[in-house]
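Quick notes on the structure that follows.
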Amino acid sequence: MPILLDLDHAPSLDELLSATDTTGLEWRLSAAAGRTLPRIQGLGTLSSAGATEISFLANPKYQSQLPGTQAGAVIVSPEVEQALAAADGTGEGACAATFARVVCKNPYLLYARVAQWFERARRPAACAAVHPSAVVAADAVIGENVRIGPHCVVEAGARIGANSVLGPACIIGAGSAVGADSLLHARVTLYAGVTVGARAVLHSGCVLGADGFGFAPDPAQGGRGAWGKIPQFGGVNVGDDVEIGANTTIDRGALEDTVIAHGVKLDNQIMVAHNVRIGAFTAVAACVGIAGSTTIGERCTIGGASMLSGHLTLADDVHISGGTAITSNISQPGRYTGVYPYAEHGDWQRNAAVIQQLGQLRRRLRDVEKK
Amino acid sequence: MPILLDLDHAPSLDELLSATDTTGLEWRLSAAAGRTLPRIQGLGTLSSAGATEISFLANPKYQSQLPGTQAGAVIVSPEVEQALAAADGTGEGACAATFARVVCKNPYLLYARVAQWFERARRPAACAAVHPSAVVAADAVIGENVRIGPHCVVEAGARIGANSVLGPACIIGAGSAVGADSLLHARVTLYAGVTVGARAVLHSGCVLGADGFGFAPDPAQGGRGAWGKIPQFGGVNVGDDVEIGANTTIDRGALEDTVIAHGVKLDNQIMVAHNVRIGAFTAVAACVGIAGSTTIGERCTIGGASMLSGHLTLADDVHISGGTAITSNISQPGRYTGVYPYAEHGDWQRNAAVIQQLGQLRRRLRDVEKK
Amino acid sequence: MPILLDLDHAPSLDELLSATDTTGLEWRLSAAAGRTLPRIQGLGTLSSAGATEISFLANPKYQSQLPGTQAGAVIVSPEVEQALAAADGTGEGACAATFARVVCKNPYLLYARVAQWFERARRPAACAAVHPSAVVAADAVIGENVRIGPHCVVEAGARIGANSVLGPACIIGAGSAVGADSLLHARVTLYAGVTVGARAVLHSGCVLGADGFGFAPDPAQGGRGAWGKIPQFGGVNVGDDVEIGANTTIDRGALEDTVIAHGVKLDNQIMVAHNVRIGAFTAVAACVGIAGSTTIGERCTIGGASMLSGHLTLADDVHISGGTAITSNISQPGRYTGVYPYAEHGDWQRNAAVIQQLGQLRRRLRDVEKK
C-alpha cells in the first residue's frame, strides 16, 4: 500500500520506468530471465509493498528487510544488485527471484521520480473553472486553465498564472500575484502586495504578508509603556519552486520586501519575520522561528524548532541542528548545534542546580589549581 | 460566574446531581438539616461562585478559600467533609452552614461531570441543516441530524457521521470522513484521505493531511542544492474521542498513514509530522513539535513547547516535562526533563560563558586530580 | 522605495510634517537656505530612499550611510544635525546639502508618525457595506460605517463597532463583540463569548476563544489513562489598542476570562492558554507559549520562542530574552535570560557530554578541594 491506480490503468514496470522523468539518472532493469514484468499500481516500503507495487532500498539499515519483501519490484543500488546477483549464482537468497530489480546509483531519487509520475497520473483531469461561490474582482488577471475553488476571494488587480489551482477558501489580496503551475491548497491567505513564483505549493492556513511586528515606544498612545505602530509598507517576494507548509507565516517587510528565494522549502508552523531573506534551496523544518532582518544563505538546512535571532547573517551551506538557538552571525559553512541534553527528571534536577552555579564552579577550580 | 442557565431552567442541586453522569463515582449530599437545596445556575471557583453556583475543592492549596466562599454548593473530599462536620459540632466554622456539601473521593472529576451536564444543557437545540452557502458534493454521505455551517465545503465522496456539527467554513477533502457525534469548530481543514473517528472535537485552524515534508536532493530541479519533492501518498488516521487544538497541524504519511489513536488529546499549535504514531490516551500540551516517523506510546504526557526528533520510539507511560528536547529513544516509563534553567541576565552571561568551556573545565579538573 | 503616493498626491515635506500627528514630539526643519522642499511620496531606508522619499537615522550604526543617501529628506537627532551643520560650515560633507534635515530628539518615533500618516493617506476610501456573500445574523448589531468582507459569518447577537473592517472570511461567534475602529484582516476567528476592544488589529488565522486544554483522568471514558473533558465556560476579554498576529491562538478561560489588557501587542504564532492574564502594554514576540493561569505584568517584553510555565506570576517591567524557558515566578523587574549557547557540532557534543555529568563534576571538585 498505497495502491494508487486500478490494475487496468497500471503500467507494467518497464512502461512505468520509461514514462518516469529520469533526467540525470542512469538505471537498468535486472529481472530474472523469462520473468514477466509486474504491473505497478503504487509504491510501498519494503515491509508493506505487495506484488503490484514498487519499493526501494536506500538506507542500508533496512537491507535486512529485502529477503522478506513481497514487493513486485525494488529499486536498489549497484552494490546491492551485485550482492543479489551473487546470491542468484549460489542458489541462496531465493528471495532474489521474487522481485524485479531496478538498479540505480541513487535509489531514493529514482523512487521520488517514480512517485512523482504516480502523483501526476492520478491527478484529476483539469476542469478549469471559477467556482460560482468564489468572489473574483473584475480586474483580476486569471491565466489560462486556472481553477478557483469555492469561497475563494481574489481581490482587485491580483494575478493568477496559467494552470494554477486555488483550493477552497483561498484569499489573494489586492495586487498580489501567483505564478503559473502553482498549487494553493485550501485556505491559503495572501495579503495585498505579495508575489509568489511559478510551481509553488502552498499549504492550508499559511499566511503571507501579515504586518511585521514593528512598534516604537510612544507615550502619546496611552501613557508610560505604550506603543506606536510602525506601518509595514514592504511586501513578500517568493521565488519559483517554493513550498510553504501548513500554518506557516511570512510577514511583509517594513520598507523593503521579505524575500524567499527560488527552490526554498518551508515546513509547517514556521515563522518568518519582516525583512528576513532566505537564500535559494534552503530547507527549513517545522516550528522554526526566524526573527526580523536575518539573512540566511543558500543551501542551508535549519532543523525543527530552532530559533534565529534578528539581524543575523548566516553563510551559505550552514546546517543547524534541531532545537538550536542561533544568537550570533555564522560566517563559515558547517554544522552548528545547541540542543540541551535531557535526562531522567532526578538527574536533570541535579545538573540544573550545577548549571546555575557554573561561574562559581569555575572560580573554585581556579583556586584549587593555584594551590 | 459563569451563570450558564436562567434561574427558571436551573435544576436544584439534587436534580443536577441525579441528571449528571456519575458512572464510576460515588457521591453523597451533606446539607445542613432542613436546609433548602439551592438551584444551580452554573459553576465557579471558590472565590468567584455565588449562591446559585456550585464549586469544588480539589487542590489542598485552595482550602483556605473554603470558609469565605459564597458558593451555594461545594464538592469536597470525604476528608474535607469530616473537618467541616467537626467544625459543625463545635459551632466553629460558621461557614459550613452556608453551602451545601457534595462529598466525593474525586471532587475534580465530579466537577468535570457536572460541567459536562451544563455543557449539554445549554447547547442550542440541534437544527439539523446544511446552510445554503455550503458547497456539498452530490455524492458526499451526510448522516442523520448533521449540521453543516455557512461556507463549508464537503468534497466528493466525503462522509459525515450522524449528529456531527461542522462550524462555519470547514473543509472536508475528497473521500475524507468524520465519525458520528463529532464537533468541528469553525475553519477546520481536512485534506483528502483523512479519517477522523467518533466524538471528535476539532478546533479552528487545525489542518489534517497537509503533505509531509519530504524532499530528495535533485540537481535536475535547478542545480546544486535543489530539491525534488517526494509525493506524500499516505493519509491521516484519527481514532475516536480525540480532541485537536486550534492551529495544530497533522501531516499525512509518505506511504502509510500518520496515526492518532483513540482518546488522544492535542492542544493548540502542535506539529505532528508524517508517519508519526501517537498511542491511545496520550496528551500533548501546546506548541510541541513531533518530527517524522516518531512513535509515542500510550498514556504519555508531553509538556508544552517540547520537541521530539524524528524516528524515535517512546515507551508507554512516558512523561516529558515542558520545554524538553527529546533526541533519543526512551524505553522506560518515567519522567524526563531537559529544560535549561534561566537566570538574571548577568548571571546567565557568566554561566553561558562557562558552558562553552565545559570540555576544557573537565580537562582542568582531571589535571588537578592527578596531582 | 516604497513609493506610496503618486507625485500628484504627494505632499511637500513641510505639508507632510504639518499633517503628521506630532503629539508629544518637537521637531524643526533645517533645509539649506533657498532650497525647495521636496515632495514626499514615501519612506525608505538611508540606502534605498530616493529624492522623493523621507528616511531617518535612529541607530548610530547606520550613520556611515548618511553621506551617501539619495533620500530627499532625513529625520535626524539634534546631535547629528549639529555634526552636519559643522560640516556645512567647513564645506566638507557635501552630502549635507543634498537632503533636507528634519531634527527631532526621537527620530524613530517621528518616522513612525510620518509612516502612520502615509498609512492613512493611502487607505482606500471607506465603502461601508456588507458583502452579499457574508452571512450576518438578523440580530447582530452592526455599527455605522462598518465594512464586512466576502464570506464572513457574524453569528447571533454579535456586535461590530463603528468604522470597523472585517476582511474576507472572518467569523464572529454568537454574542461576541469587536469594538470601534478595529481592523480584522482576512480569516480571523472569534468563537462565541469573545470581547475585543476598540482600535484592534487582528491578523489572519488568529483564533480567539478555542477551548482551554482541560481534562481530568476519567477511566469511565474508555479505560485506564482515559481523559474526561472539562468544559471551558470562560471567555476571552481583549482590551483597546491591542494587536494580535497571524495564527496566534488565545484560549477561553475555564470559568473566568482569559484577559489581554489594553495596549498589548502580540506577534504571530503565540499561544496564550486559558486563564492567562497579560498586563497593559506588554509586548510578546513570535512563537511564545504561555501556559494556563499565568499572569504577566504591565510593560513587560517577552522575546521570541520563549515559553512560560503555568500558574506563574511575573511582575511589571520584566524583560525575558528570546528562547528562554520561565519556570518560576519573577517578582522583580529586570532582564531574565536562559537561552542555551550553540557551538560547532563537535564542540557541542563535548559540552553536552559534560553537562550530563555536571553533578559528578561538582563532586569531584569538592573531593579535590578537601585534599
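All chains are identified by letter, namely A, B and C, in their written order; residue positions are counted from 1 within each chain.
Following the convention adopted for this analysis, contacts are C-beta pairs under 8 Å (C-beta built on N, C-alpha and C of every residue); 3 or more make two chains touch, one makes a residue touch a chain.
These numbers come from a predicted model, not from an experiment.
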## Note on the structure
Fit chain B to chain C (C-alpha, same chain sequence): the rotation, rounded to steps of 5 degrees, is 120
#### Entry: Equivalent interface positions on chain A and chain C, same or different at half
different
### Whole-Å gap between the CA centroids of chain A and chain C
28
### Message
Two or more other chains touching the same residue: where does that happen in chain B?
### Response
133, 151, 169, 187, 205, 247, 269, 287, 339-341, 343, 355, 361, 365, 368
### Task
Could you pull out which chain A residues touch chain C in their complex?
133, 135, 151, 153, 169, 171, 173, 187, 189, 191, 205, 207, 210-211, 213, 215-231, 233-234, 247, 249, 251, 255-256, 269, 271, 273, 287, 289, 291, 307, 309, 321, 324-327, 334-341, 343, 347, 350-351, 353-355, 357, 361, 364-365, 367-368
### Task
Spell out the part of chain B that touches chain C in their complex, as residue ranges.
1-2, 4, 23-24, 42-45, 48, 108-109, 111-113, 115-116, 118-119, 131, 133, 149-151, 167-169, 185-187, 201, 203-205, 241, 243, 245-247, 262-263, 265, 267-269, 280-281, 283, 285-287, 298-299, 304-305, 322-323, 339-345, 348-349, 352, 355-356, 358-359, 361-362, 365, 368-369
